[in-house]
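These are the structures in question, set out in turn.
In what follows, subunit A forms one complex with subunit B and a second complex with subunit C.
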Partner chain A sequence: MITSKSFGSRAASAAVWAAVLGMACLCLLPLLNMVALSFSSSAAATGNLVGLVPVDFTAESYSRLITDQQFWRSFGISVLRVALGASLNVCLTVLTAYPLSKPKSRFPAQPVYMKIVLFAMLFSGGTIPTFLVVKNTGLLNSLFALILPTAVPIFNVIILMNFFKGTPEALEDAAIIDGAGQWQMLLKIFLPISLPALATVGLFSIVGHWNDYFQALLYIQSTENYPLQTYIQQLTVDLSTVTDPERLKELSRISGRTFNAAKIVASTVPLLCIYPFLQKYFVTGITIGSVKG
Partner chain B sequence: MKRTKKILCMCMAALLLAGCSAPAETSSKADGSSSSQASSQAVSSQAGEEPDPWAEAAADPWAAYPEQVVYTVGKQAPDASYSVLDGTEYEGDDEANNIRTRFYEKHLNAKMEVAFSAAAGEAYDQQVSMAIVSGEIPDIMMVTDRATLVQLAENDLIADLTEVYDATISDVTRDIYESYDNRPLKDATIDGKLMAIPGTCIDTGAEMLWLRQDWMDKLSLSAPKTMEDVEKILDAFVNQDPDGNGQNDTVGLALSNSIYGKYGSTVLYANNVFTACGAVPGQWYEKDGEVVYGSVQPEMKDGLKVLADWYAKGLIDPQMAVRNFDDSTALLVNGQCGAAFGPWWLANYAGQTHLVDANARWTPYVVPTGEDGKVTMFTNNPSENYLVVRKDFEHPELLVKMLNYTYDYTRFSEHKNDEECLEFEAPYDSAIYLRSLGPISVNLDYFDAINRAYDDITAYQAGEEVDTFPWVIQSAELAGAAMEKLESGQVADIGIYEMISYYGRCLAGEVLKENPVNVVYPVFFGVTASMQTKWESLSKLESETMLKIITGEQPLEHFDEFVSTWKSAGGDAITQEVVESIGE
Partner chain C sequence: MRNKKEQGAFHLMLLPGMLLLAVFSFLPMFGIVMAFQNFVPAKGMFRSPWVGLEHFKFMFSLPDSSQIFANTLIIALGKILFHMVVAVIFALLLNEIRVAPVKKAVQTIVYLPHFLSWVVLSTVVINMFSYEGPINQLVTLLGGKPVLFLASNTWFRPVVIATDVWKEFGYNSIIYLAALTGVDPGLYEAASIDGASRWKQTLHITLPSLLPTLLLMSILNMGSILSAGFDQIYNLYNPLVYETGDIIDTYVYRVGLVQRQYSLGTAVGLLKSAVSFILIVGSNTLANRFAKIRVF
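Coming up: the complex of A and B.
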């Protein structure tokens, strides 16, 4: 790599570094504020006195959190949802993307299927029709209501399809000559070389399932069975949208801000653990898939 | 099916007859059962058959059903989860089986099943709309706005409760509605039929200007009365360093960025400033014999002028436009701000300031007064929310019976001091919001409940025997503890609830009682046809205009332009519809 040593270019690269670091810090600030809130006293939190450092340090919120069974129940539901949902997502993504990545010469109906898939990506049935489908298929109130309607993430299919398209045709020819069928080809050749892309779509699915709160609001009719993010969303009600004075009175008595902050912090831990391991694939996966496509 | 029809017919007959004899009933269970015998005889003589125990049960405000009735409910979920009960004797209780549901089951032989439950607010309303869309609503369900109630009625999904109400309501429950001149019931009536059991919105009393008394004492300011007095105090709070830290860091009046709205329903509105100028912001009310919308009346300009002037002088929190609710109320708690409008329960915030600044003391004042020396308030929609019954539910009277037990039997009857009633009234030591426990998620209380509680509290503190609710005694004791600790200077030991009770129930209660106010009763709270399409944008126009004028982005004269835009953009048509709908 050729590096210029002139003062100007050093200054420029220093400025770029500073700007990038600054932005990275900006992203961290809200999270740090949450951590500080979770370790502060309740009155300090209600009084908006907490910045990036805890005020009146206390770990009471966390000792309360450990005993909050609904939190752990929802946590478990979320983990199960991610495990089932993300693996189903990845399986179906692979199975859809693989045939679609074949050229028309090998898969004559490919353009037709492609159009169907694209159509489904651009237009959806809308909230109410989807709700009715979920209801009439008897999925309402079950974990599968959160998994099956989004089982094929089409955006991910397209990323993976482009990645598959980018693999050299010679590989496939060689495999055919050696007598491999389509399944063998997919499992023994395409999947092993697509690990970066798989990690990418896998991460999308995991993050998507973990962070989604809205579907459970629609499809889960008992708060006990809420996944974690829906549970947390319920706790952080914006008081200015509450119009029932009785309830507002009740909510305003004691601020749960510190306790809720502890829950939010705890809920981000699993993703923070997964991220570093998948991140190196994440960047290469996305660029390879799209550039060569 | 045939049997059901027969039973229904007999129920109807029984209900009609029981309705006639209802006023003679008292609210005790023993009397209730004797009157049910009377009505059952009436039924048997009419039908010429053996008395039907189902009809008897249906006609009686208190009687249990002969066999277990199972009903499904759409309900709001509690904010706290049931896991707070772990380790107590109530471990294992949940949404479908708790103190309140067991109570109804025992007294009425009716078992609740949860069709759906979601947290109050968007999540709950979402579930209600989904239930309506799918055409399958639970047997009993709460709806939070009148538009949804009308929608349910128009789609013929809910039962007409007119007869059921008349026949099965208990005297005290009826009396509670009458304390509002039956306005909630009228509100729940569509095309002459009572389509829902409304929850009531109690009178919060006047909104008050809460001021930091310690700051006023320090700056030798006397109690305010008029708008000028208020301005003087705000000016001193902003410019004379009331917290004595040598920095110019205090803000004047904390104000919500929606500026005004439902009276007494939230804190930080400047409703009183407008009413002192003769305006009734955001309400449909009768002015000189005509129904008008308050926000477009010329009097609004005077109120806006005052606020814009205050803002220009720096007497209103300069960041009010960008602060959310939590940020604004935080100003009160952290001692940055010493002035805010709010109803008695602004104490929920004021009662925490002493933990940040031990010198902090708040006092509420009923100000600013208008020309006649009084503050003018306006009332809210008397019905807060509605309980509806599914159209073909076989036991529509169950809802009314449960209402009787919830707000008469356990609170006013001779049984109110029974163990089970005390437990029913303060379930789980209030660890779980009581109205999220059963199907009766609405509040029902006398219009002047705040005043009644204040009277009871002062009587209790004076050492008198008081026949009142346990929570009133509890408030009195908490407030008493706060007063003792204030006296002896142990301010740091005053708990949040103690201080809240002292400010909210004692100080505010006294001020409210001593200061009679003028009351304007708005005449319309519903939604008209054009409102459904146009109201949202008109409201947006309104709130943006008001905010711009106050913050000085637009001159005061801009108000006239707003009025003409409002009228031509649908306001006139809506006014016409409102007038027509009141005429009906």
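Coming up: the complex of A and C.
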């Protein structure tokens, strides 16, 4: 490296540091403000006095939240949905991605299946026809309406397919000589070496199911069966029906604000718990997945 | 014999996924015929009366529709452009930081908003941009007048684009950072021996090496040119800003599902799907022919 740095290059590198740290703060501060808000008194929140530290520290919003039965019911529904939905997503991702990763010489029907999958990814019947299909299958108002229509996450299939394509062929040849069939090959050889990629697609599925509110808005009619994000969305959406600017001004000012902040924060905690694992894998997952075979 | 068994295993593995796609992806595609009918749920798809292109004609005669298409295009293009610019700039800046723990910490922070839903983040955004919120406090401090950003037709689009870039720029930079680590370090060594400054190196080595990735991302983005982000807008907008903020997807939801005009909603949705499909397949073909890049 160059040892004697000129003033200019020092200034430039200071500017780079400032810019990067500035952008990081920009990401973090609004979220911290929400946390601070959730621990502040509602008087302080209404007066817009809360910055990054709670004002008149109180856990009142959270003690109110603990007694909010619908919140916990919705929380439970979301947990159940993630458990069922994400497991199904991962199973189907593996089962679909594995045969698709085989070359045409190995699996002559591969191009046909690939075209089907790509077409399903690029073209859709749209919200309304999909809604009517779900309605006609009789799934409305059941948890399955939130799980089955999105059971095959095609984007994840492609990530995993590319990962499988990248595994050394010698590995498979060796197993074939040992007399392994394709099911054994998948379970005993491919799955164990694909754990990072599986973690990636699994975590994407978990996040997807946890964060989704719209499916339930479409397919679940009784409010008490809403998953968490839909429940929270219903609380905040009230603003969208307000047509009078003065009223909007008023609503954005008065409280309920600290309570809402507490709900938002509490609904994010589960994601924050898996975020460290998520981060460990998704970068490799994305870069592997985008490699074209 | 062995090969037959193997083929059977492959087909069997694909079976459950294909069945689900058939029901929930391909069956709805037949529902597209509703766009050419006056669909009545009680009569179903087979007995509802045919009306040809009636709904499409009606759609284009609506004063709203050109507005909605314009809103969608403006917001989507703004997002595509600023997403790329900000993510590339951030990747370049972060690439200059060589202190590993700092780099790691910054990445942890900037990737985070991507994983939060718009339901959560809309509350954050509404809070930030509220009449007496932090942004307006800053505006007042700088001598301006507070603005009701989310109820202003001047500000709604910029706020939507800016907050979406805010949510995604970190995550979007991953792919550019990956491309940057793939640059041959020998190039930089040679350049610095020749006396090229860091800035010159960025301009002549780093940026050109990002070109293939940029091209790839542009192709992928073509498919989303009519998707301006339903989740975000649905959670941020209100009737005051329909004029500038109502997009195809929100319109389809309101008219098609809330007001139950199934056929009209399907027609608008179909137009969107078809245009998006043509754009992404077209740009993929062009990129393949001229730059030998294939996305799929």
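The working rule: the second predicted complex is superposed on the first by the 253 of 293 C-alpha atoms of A that agree within 3 Å, B and C clash if a C-alpha of one lies under 4 Å from a C-alpha of the other, contacts with A are read in each partner's own complex, and residues count from 1 in each chain.
Criterion: a residue touches a chain if its C-beta (ideal position, glycine included) is under 8 Å from a C-beta of that chain, and two chains touch if they have at least 3 such contacts.
Just so you know, these numbers come straight off a predicted model, no measurement behind them.
Enquirer: Regarding the shared-chain residue A:222, is it in contact with subunit B (first), subunit C (second), both, or neither?
Expert: Once the two structures are laid over each other on A, A:222 reaches subunit B alone.
Enquirer: Once chain A of both complexes is superposed, is A:112 in touch with subunit B (first), subunit C (second), both, or neither?
Expert: After superposing on A, A:112 lies clear of both subunit B and subunit C.
Enquirer: Is A:19 touching anything from subunit B or subunit C once the two structures are fitted on A? First, second, both or neither.
Expert: In the superposition, A:19 contacts subunit C only.
Enquirer: Have a look and say if subunit B or subunit C is in touch with more residues of subunit A.
Expert: C
Enquirer: Using the touch definition from the top, say if A:49 reaches subunit B (first), subunit C (second), both or neither.
Expert: The answer is first: A:49 touches subunit B but not subunit C.
Enquirer: Determine, under the contact definition given at the top, whether A:31 touches first (subunit B), second (subunit C), both, or neither.
Expert: Second partner only, subunit C.
Enquirer: Quick check on the superposed pair: does A:170 touch subunit B, subunit C, both, or neither? Answer first, second, both or neither.
Expert: Once the two structures are laid over each other on A, A:170 reaches no partner at all.
Enquirer: Touch check for A:132: first (subunit B), second (subunit C), both, or neither?
Expert: both
Enquirer: Quick one: is A:273 in contact with subunit B, with subunit C, with both, or with neither? Answer first, second, both or neither.
Expert: In the superposed model, A:273 contacts neither subunit B nor subunit C.
Enquirer: I'd like to check the shared interface: which positions of subunit A are touched by both subunit B and subunit C across the two complexes?
Expert: The overlap between the subunit B and subunit C interfaces on subunit A comprises residues 48, 128, 131-132, 218, 237, 239-243, 245, 248-249, 252-253, 257.
Enquirer: Spell out the residues on subunit A that touch subunit C in their complex, using ranges where they run on.
Expert: 2, 9, 12-13, 16-17, 19-21, 23-24, 26-28, 30-31, 33-34, 37, 48, 51, 92, 95-96, 98-100, 102, 106-109, 113, 116-118, 120, 122-134, 137, 148-152, 157, 181-183, 186, 207, 210-214, 218, 229-230, 232-233, 236-237, 239-243, 245, 248-249, 252-253, 257, 260-261, 264, 267-268, 271, 275, 278-279, 282-283, 286-287, 290, 292
Enquirer: Residues of subunit A touching subunit B in their complex?
Expert: 43-44, 46-49, 67-70, 73, 128, 131-132, 135, 217-218, 221-224, 234-235, 237-254, 257
Enquirer: Quick check: in the complex, which residue numbers of subunit B touch subunit A?
Expert: Subunit B residues touching subunit A: 77, 79, 81-83, 86, 94-95, 114-123, 126-127, 130, 133-134, 144, 201, 204, 256, 258, 262, 264-267, 324-327, 329-331, 333-335, 345, 348-349, 352, 355-356, 380, 384-385, 433, 435, 443, 496-497, 500.
Enquirer: What part of subunit C is in contact with subunit A in the complex they form?
Expert: 5-7, 9-11, 13-14, 16-18, 20-21, 23-32, 34, 41, 90, 93-94, 96-97, 105-113, 115-117, 119-120, 122-128, 130-134, 137, 148, 150-151, 166, 169-170, 174-175, 178, 192, 197-199, 216, 223, 230-231, 234-235, 237-240, 249, 252-253, 256-257, 262, 265-266, 269-270, 272-273, 276-277, 280-281, 294-296
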